[in-house]
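Structure first, then comments.
In order of appearance the chains are A, B, C and D, and numbering begins at 1 in each one.
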Amino acid sequence: MVNKVYPDATAALDGLLKDGMTLMSGGFGLCGIPEALIDAVATSGVKDLTVISNNAGVDGIGLGVMLETRQIKKMVSSYVGENQLFAQQFLDGLLTVEFTPQGTLAERIRAGGAGIPAFFTKTGVGTTVAEGKELREFDGAEYVMERGLFADVAIVHAWKGDTEGNLIYRKTARNFNPMMATAAEVTVAEVEHLVEPGELDPDQIMTPGIFVDRIIHFPTASKHIEQRTTRPRQ
Amino acid sequence: MAWTRDQMAERAARELRDGFYVNLGIGIPTLVSNYIPKGMNVQLQSENGMLGMGPFPYEGEEDADLINAGKQTVTELPTTSFFSSADSFAMIRGGHINLSILGAMQVAENGDLANWMIPGKMVKGMGGAMDLVAGVKRVVVVMEHTAKGKPKLLKKCTLPLTGTKVVDLVITDLGVFEIDKAGSGGMTLVELADGATLEEIAENTEAAYSVASGL
Amino acid sequence: MVNKVYPDATAALDGLLKDGMTLMSGGFGLCGIPEALIDAVATSGVKDLTVISNNAGVDGIGLGVMLETRQIKKMVSSYVGENQLFAQQFLDGLLTVEFTPQGTLAERIRAGGAGIPAFFTKTGVGTTVAEGKELREFDGAEYVMERGLFADVAIVHAWKGDTEGNLIYRKTARNFNPMMATAAEVTVAEVEHLVEPGELDPDQIMTPGIFVDRIIHFPTASKHIEQRTTRPRQ
Amino acid sequence: MAWTRDQMAERAARELRDGFYVNLGIGIPTLVSNYIPKGMNVQLQSENGMLGMGPFPYEGEEDADLINAGKQTVTELPTTSFFSSADSFAMIRGGHINLSILGAMQVAENGDLANWMIPGKMVKGMGGAMDLVAGVKRVVVVMEHTAKGKPKLLKKCTLPLTGTKVVDLVITDLGVFEIDKAGSGGMTLVELADGATLEEIAENTEAAYSVASGL
């Protein structure tokens, strides 16, 4: 019987990492990022990575770790403003970035996973984002053609998962994780709660197990908060 | 004399309608949520994957899995739903959000908007701004009328664009401008802020604009 | 306060129906079809409809009702084989049909709701489905361009809904309902269980209320089974 | 002498591998589920929105909300998940299903497949067949070798196509044929059914094919 469950992040990534590969990493800011898997990629020493991720972590946390180790050659992101090291490496010419509007990024990833090589969107028409891309009119409005994205490996974080690879995300930690899980040759998931098949309601499964090749139980996610905002008790 | 940030937000809140689904940008637009009229049902969308965004949590009740697009901790409401980024931007791109209120560096008289990068400075990225202005039916900009004394309402934006012909209304500390983004009606000054004068606006505006009758 | 809850299907459709309009109707076979709303459209007498629905019901049930009343001018469907009346009206030239592969149909509806006017797919390349459509090569494979679909009115069936319009579907009754809910000027939902906001888990909501304009409580859905297949007890 | 329907299904089941996600068409392909080896984990996908399809329910336990793509009542398994039609076909089109086993009216020597319409007859529609053959990595056809005495393995399909260069393997009552759909290797007879002869196959096949060594 195929066993998708691995003892830890390093074991789960064994054999998957190659210099120059393309990696998708879930999360929005530090919310819902695959912490353990990112750390294991950093520890592995794999380099010249193209990383597709909405953000680039913050200094020392999340993808920020891989910036410290200079493993990233190129980022495909919508916003990297929280990271000083990123700014410095970018200005020093050590890494490049392909800025993609957040919704276009999400849709490109979904398209990649759904067998759609290209689609048209209004987003970015008339801006630098559309430069060099095909423009086209439909029903009197102008659209730009964007391409699907597909990675060698996707790493995602979920709240619950079963040994079959079925995943459920929690609140806004869902974000880019479900699409990325569909858009890579191999998808590795870390879950806060690992359960047996049958323990998840089949109507509530957000990522069916078909998309998940390897899974680890990671109950100790640190889940950093970037902007801790509160209101006074009344 | 001119509107304060809160007065600008209060004015922007008058664009809300009962039953609206609204996306608020960071900065002054965030303040708009303080001025939603009592009894009006307005649901706030956060583009990272949440509809029905509640206020900041009480101290000690922050949840790292529950943040808004500004990465701030927020709370749920009884109306809340969560979804993926793809579904969130399908909602935005598909024109389902009634109103987007956001800040800007520059707005041109034809509705062009620049609010994401300044050449020469480190580029942080556009986040969801390009998707919002391209997809949301009605786009309202709230911004200071000038930056370091220079006009922000221009004939043509000089900064890289976020979107072309996307802005419907601009609320500054000096007044309110409508833009006929789909037609050829150009920009019209429709309200003066408390204490602002036509002359003050004329001096601080590069864009061509008409003045609504009665002002 | 905007009130989305209507007393019955006829009231919920009041003012929305016009001759020659385009209607999307959820369901796969007879599973998850908006029974009450279909019956109310039939009773209304509106005619010359273009109906986008994966199937056309069976004789006397579901969209089959609207075939009896000859209200349908055109169907956009992937499979209509269960319906004798359909066959007869088609052969008599009383209605036309635009056959669309099931996955392309689902994706065209999703695209329509997501602001995507067109996308490329491998499905149908080299077949009659691709005739007259743009073909294009990406990375060495050939694809056909398909257009998004958007309707005047969508009618959908859900298991649970709240008065805000948030919907949850049950098992395979989900099918086309979630996409159709996003792809019309006005969406009307019938739900088996109508609850107050806050009673649905926000992580489990499949259609956020933003997509639903009107909703009715319909606890008495008859839910026909087309192929009752069973196995002997051991 | 030739394979029965059940023997054909049994032979098709030998294409299954542990961990496979498989879509089975109606007819003989449905029988394949009876021959999944014990201890092998194979999950069946039903394109109407279900992964992990269980057997028919016991009488009295039918659920109208739980059907397969043939509109038959089925059951859940511990591994089951449900999803929308868009997500289901994203799974299919995106190449995530390992194997599709389906019936056919005609298969050409280059892998072209026709299985959805006969001109002159009432067209029922292609359902999900075109999506499956275009999207699934490996496509296995299970069909009778002839129809009313006429070959179904042809040089070129005469019926409207479901897909071009899509079939990898054809299992008939007389034997098994591999098709090099991506290359120029054409069709090869790789197995004879019990009691079938090379002569019998030659007489009943229009398509050009090689015969594997050892047959």
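Observations on the model:
Going forward, a contact is a pair of C-beta atoms (placed from the backbone, for glycine too) under 8 Å apart; a residue touches a chain by one contact, two chains touch by 3 or more.
What you see is a predicted model; the values in this text were computed from it and never measured.
More C-beta pairs in contact connect the chains of C-D than those of the other pair, out of C-D and A-D.
The mean-CA centres of chain A and chain C are about 32 angstrom from one another, to the nearest whole unit.
One simple way to say how far apart two chains are is to compare their mean CA positions; for chain C and chain D this gives 28 Å. In terms of their C-alpha centroids, the spacing between chain A and chain D amounts to 35 Å. Computed centre separation for the pair chain B/chain D is 54 angstrom, with centres defined by C-alpha atoms. Within chain D, contacts with two or more other chains are made by residues 76, 82-83, 89-90, 92-93, 135. Listed for chain A are residues 107, 110, 114-116, 121-122, 170-171, 174, 202-203, each touching two or more other chains. Chain pairs recorded as touching, per the definition above, are A-B, A-C, A-D, B-C, C-D.
Against chain A, in their complex, chain B makes its touches with residues 46-50, 55-59, 61-68, 70-74, 76, 82-86, 88-90, 92-93, 112, 122-131, 134-135, 160-165. Against chain B, the residues of chain C that register as touching in their complex are 1-2, 110, 112-116, 162, 164, 166, 182-183, 196-198, 202-203, 205, 208-211. On chain C, the positions that touch chain A within their shared complex are 107, 111, 114-122, 136, 138-139, 141, 143, 147, 168-171, 174, 202-204. Across the complex, chain C is touched by residues 18-19, 21, 39-41, 43, 45, 51-52, 76-83, 89-97, 135 of chain B. Considering their complex, residues 28-32, 54, 77-82, 87, 90-91, 97, 99, 101-107, 109-110, 121-129, 159, 170-179, 206, 223-233 of chain C touch chain D.
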